[in-house]
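The block underneath contains the structure these notes are about, expressed in structure tokens.
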């Protein structure tokens, strides 16, 4: 999961990482008040979970409090890559002498955390790594040895950090790693970390990703977790405990058991669909699904107005096909099935499952190929209507 | 023959007295797996059917000679269970549990590596060498002995492939679900090397997906192997930045896309199938 | 440093270690109120930093709240091995099924923490280790590998802990080790850890020692630290930043530089003194002492009414003997020197130091032998008067 | 000859630009110690007198070939400084700083052990091989070359003994203050073995004190050594349970008393002196 900048700021403060003054405003009036409180100029920043806010017009400078009101009015309610801005962060502008990048992430390949720093911050770190690798420093953290200040200083001096910044950045990274381990962060980036003209070192902007598997032991994150979803169907699906991802521009609802099978089904619909049939979502009912879960799944998929047909693909292992079939029948009990649904059942108890679906409003098939044929047929009909 | 597990594998099941543990222990025993012990702290001295239950893995190993462990305990306790298995001397640890925090896995991964223990998983269906030994939760009826090795990040797709192979009369040497998490103990690369050293594995089917670079790592060493490999990559339609069910299945950079992975395999001459059906056909044709 | 039981209890609660209900009372009335609040019987325990409180009468059971008043009256104000009891802890008595011992301490020899447990608790752990070693379990903690629950369970089962207790004790020890590392504890013992008849596992009594060198980073301990001293001269000495320990039955004040030298000086006074001269204190002025510190030291030592003569023994290294001499003169400026003081200066600038003291009320000598001769002479005079 | 440090020792001083650091660096240089570098993070490029200052020990080692470090930085930074010296390849680390938390020392101790680094201290005056090299804060004028090795938990008592020896015309091979803390890098045992392997050390003077079991550990191996050892133990009058200045000087159990230590030495035939004067006389008479 990701969190918004102002939440990241709160976490930084808790771990002793220096951040500039800032507060959240939800109305232009509040933004004006904050501008008065901090003294101008102030920066007004949209609080949404998308990258490239600045380029998209979500970050603006205000010279006085009237301008703060005006800029906040522009940003609040703005649509940033599909997300409506509901909050802005108001912060006094700092005079920046130099910008740096520091971050810690989990290296999947090496199976350990890696600290990455760059003396060229405020820009795309991957570009820096490509063009001026001498400005980049890295330390892979040996889990038994831990992370030590001296290693950090060595790396920071080596990457060209100014001495006084290097020493402060080493302290910041040490505390950041404490935060990473305490809170199960899979990524934390401070970009830029700045040296101000009056000699302070501050984390100006930050990105934090959390390992979803660690949320159970970080209760304070559970609260923030809810705010991540913005799509109404995703919100509903996650509230029902479903593993659901909505795609834009799709028209075929996809349900399956096992992430790999669902992805493969999506891919196959897309491939065989040749632009006419496209997957509208990912929905994995997981292993050993009971009827209730299947019912919920179908309801959620059908609630997407873009969905014009549905493909259900189940290969029974722990999951029993008869349970799936039962759930499907329950799901449509008493309701009209608004779009055609094809069901492919294989593996454990597939025959029982097929029998249960016989005579129902579902269309049973025996292979994925057969299923996609049906889907493509239906979607072709619809598009030619 | 087979890799990692075979007729000589003696299995201890950590979490045997739980609902899931009991169910899968019985399945494994029914399949012929030599399940010699179970472990549930505090329930030592009891039995699960005919299987003796111990308080610690150390005791189980001492009393029964177990050399492999299946870990089927909740995420909050699973990494401790793995470390216990390693400490007790198990040489194979199959970690089924899903939802284990990644940083806990860092410790387990490196501890296993240092101890020379083969860790499979987490968040995986396990491993089966048909006719010899199953450690995991795979639906065993579809597997038959034969020449094709199967390795996959996805459970259900493994079953699809195996079902297809079996229906066409082609059996499997060993099938391994390496798991869907970002940090897993055994990767494609490890398994490909093992299969290559197994004289009875004549072809390998590899089922990859978006996320990470394990497919690329595998592609890099394929030129040194003699056994043909056929690949399939799931997630071509996955939107970037979204986890697709598996914690590790996320497009978060160039290398993590399905296209990049397919390209990596094709570049070293590995045929990449468009569909699971095609993948099965390729493997069948090659043996 | 050590802390009182009720402070240990607070720390345990913070780290999730189960303790019985309990509260502190400073008057018999408060004890009665607490007895009413908790329900009787209650245990009344003296809060002083000495071992063997129970045998000395500092722990009593009260059947009803009147008895709680009465027993608290007896204990409050009691002299326990030289310490006056000012607080009692009132706790509802628990029905104990079985007692255990668990603890973590720093093993100086192996340079690592060691966990020690015994299924025979409530008694002297060293005796258990001698007589029934099979009831003892130990784990030395590899600093790189850490401490894991499975190791604890293995040890606890091995030492004969009942299964349900073993599992809870493993959790308690894990949290205890977190506390040890967070708070720089050099020793923590729970004795007894009990299994109550209603199946709870509780820490009934505890002892915690803290590493004094870690106090700087545990600000919450600084507050407790002050309460440790009970001797008024020690309180004054420590307030002045001096390394001072008062001895009972001594009559010769000892001041020196370096802990080893001061101890050796004490030993030599005691040996040569043959029962007539005995060291009254340990006072180390440390390395590089300035005049002010020397002045403070002499003042504190002279404030002890038992002190009938003083021996100052300085071997100058970083410490300059002329600085020491200057401090001595400053210390007695304008005051009467109540007892004779012999000063031995050697090493850096000893000749300058000696010159400064010439003609003063101090008695300069050139060796420790000469100094003890003087001391023994004076003390013999005094005892024969 | 000498042990641990000699003419070939090239010293880097961590904390050289501090008040203490400057003072002792100058003393050491005046004594003839080959001080090749200083380290103060952020002051790289400066000089302390003629000594170049670097930001990191790694740089100092690379540029100057330093092989030993003296750490003279505040307690909160001292263990990190030691780990830095080890990481940079220094083979001797002399840790003068007092007041370092014991659990921080656990890490440093084991890291040094694994890396084969001789750690002296903490809370110690350092080491001197008279006429060759001094690393530490010992008052150098009293030392002369000669046949007696001195090892002590106390700084000032070391000076007393050395002063006595020198006045009687007997010099020292190497003198080491091992430090007054509970957890120290180099113990009596280690030093006795080193002295025994040094052909020019003809006798060893050992000054112990209350607390811990290092004296007993040393006594245990003395029967295997050929060099005579003379001992003194401070703290016979120390009350139990009270720290006597040194963090490690505390009577907290039977073995930690002065009597127990004296008994342990006498039991293996080591003469134990009643006074420092007697100790000096014993050593002088033996060489």
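Order as written gives the chain letters A, B, C and D; numbering starts at 1 within each chain.
Please note the rule applied: contacts are C-beta pairs under 8 Å (C-beta built on N, C-alpha and C of every residue); 3 or more make two chains touch, one makes a residue touch a chain.
Keep in mind that what you see is a predicted model, and the values were worked out from it rather than measured.
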(message) Comparing the two chain pairs, does A-B have more C-beta contacts than A-D, or is it the other way round?
(response) A-B
(request) Find the geometric centre of each of subunit A and subunit C from their Cα atoms only, then give the gap between the two centres in Å, rounded to an integer. (result) 54
(message) So the centre of each chain is just the mean of its C-alpha atoms; given that, what is the distance between subunit A and subunit B in Å?
(response) 28
(request) Would you please write down the residue numbers of subunit A that are in contact with two or more other chains? (result) 144-145
(request) Report the topology of the inter-chain touch graph, choosing from line, ring, star, complete and other. (result) other
(request) Throw together a list of every chain pair that touches. (result) A-B, A-C, A-D, B-C, C-D
(message) Under the stated contact criterion, what part of subunit A meets subunit D in this complex?
(response) 145, 148-151, 153-154, 157, 163-164, 166-167
(request) Would you tell me which residues of subunit C are touching subunit D in their complex? (result) 106, 108-109, 111-113, 143-144, 180-181, 184, 186, 211-214, 216-217, 243, 245, 247-248, 256-264, 266-268, 270-271, 278-279, 282, 284, 286-287, 315-318, 346-348, 367-369
(request) Provide the residue numbers of subunit D that touch subunit A in the complex, in ascending order. (result) 41-44, 55-59, 77, 80-81, 83-84, 87, 111
(request) Name, in rising order, each residue of subunit D that touches subunit C in their complex. (result) 75-76, 99-103, 105-107, 109-110, 125, 137-139, 142, 152-160, 163, 180, 182-183, 207, 209-210, 212-214, 217, 232, 234-239, 242-249, 258, 274-277
(request) Can you check the complex and tell me which residues of subunit C touch subunit A? (result) 144-145
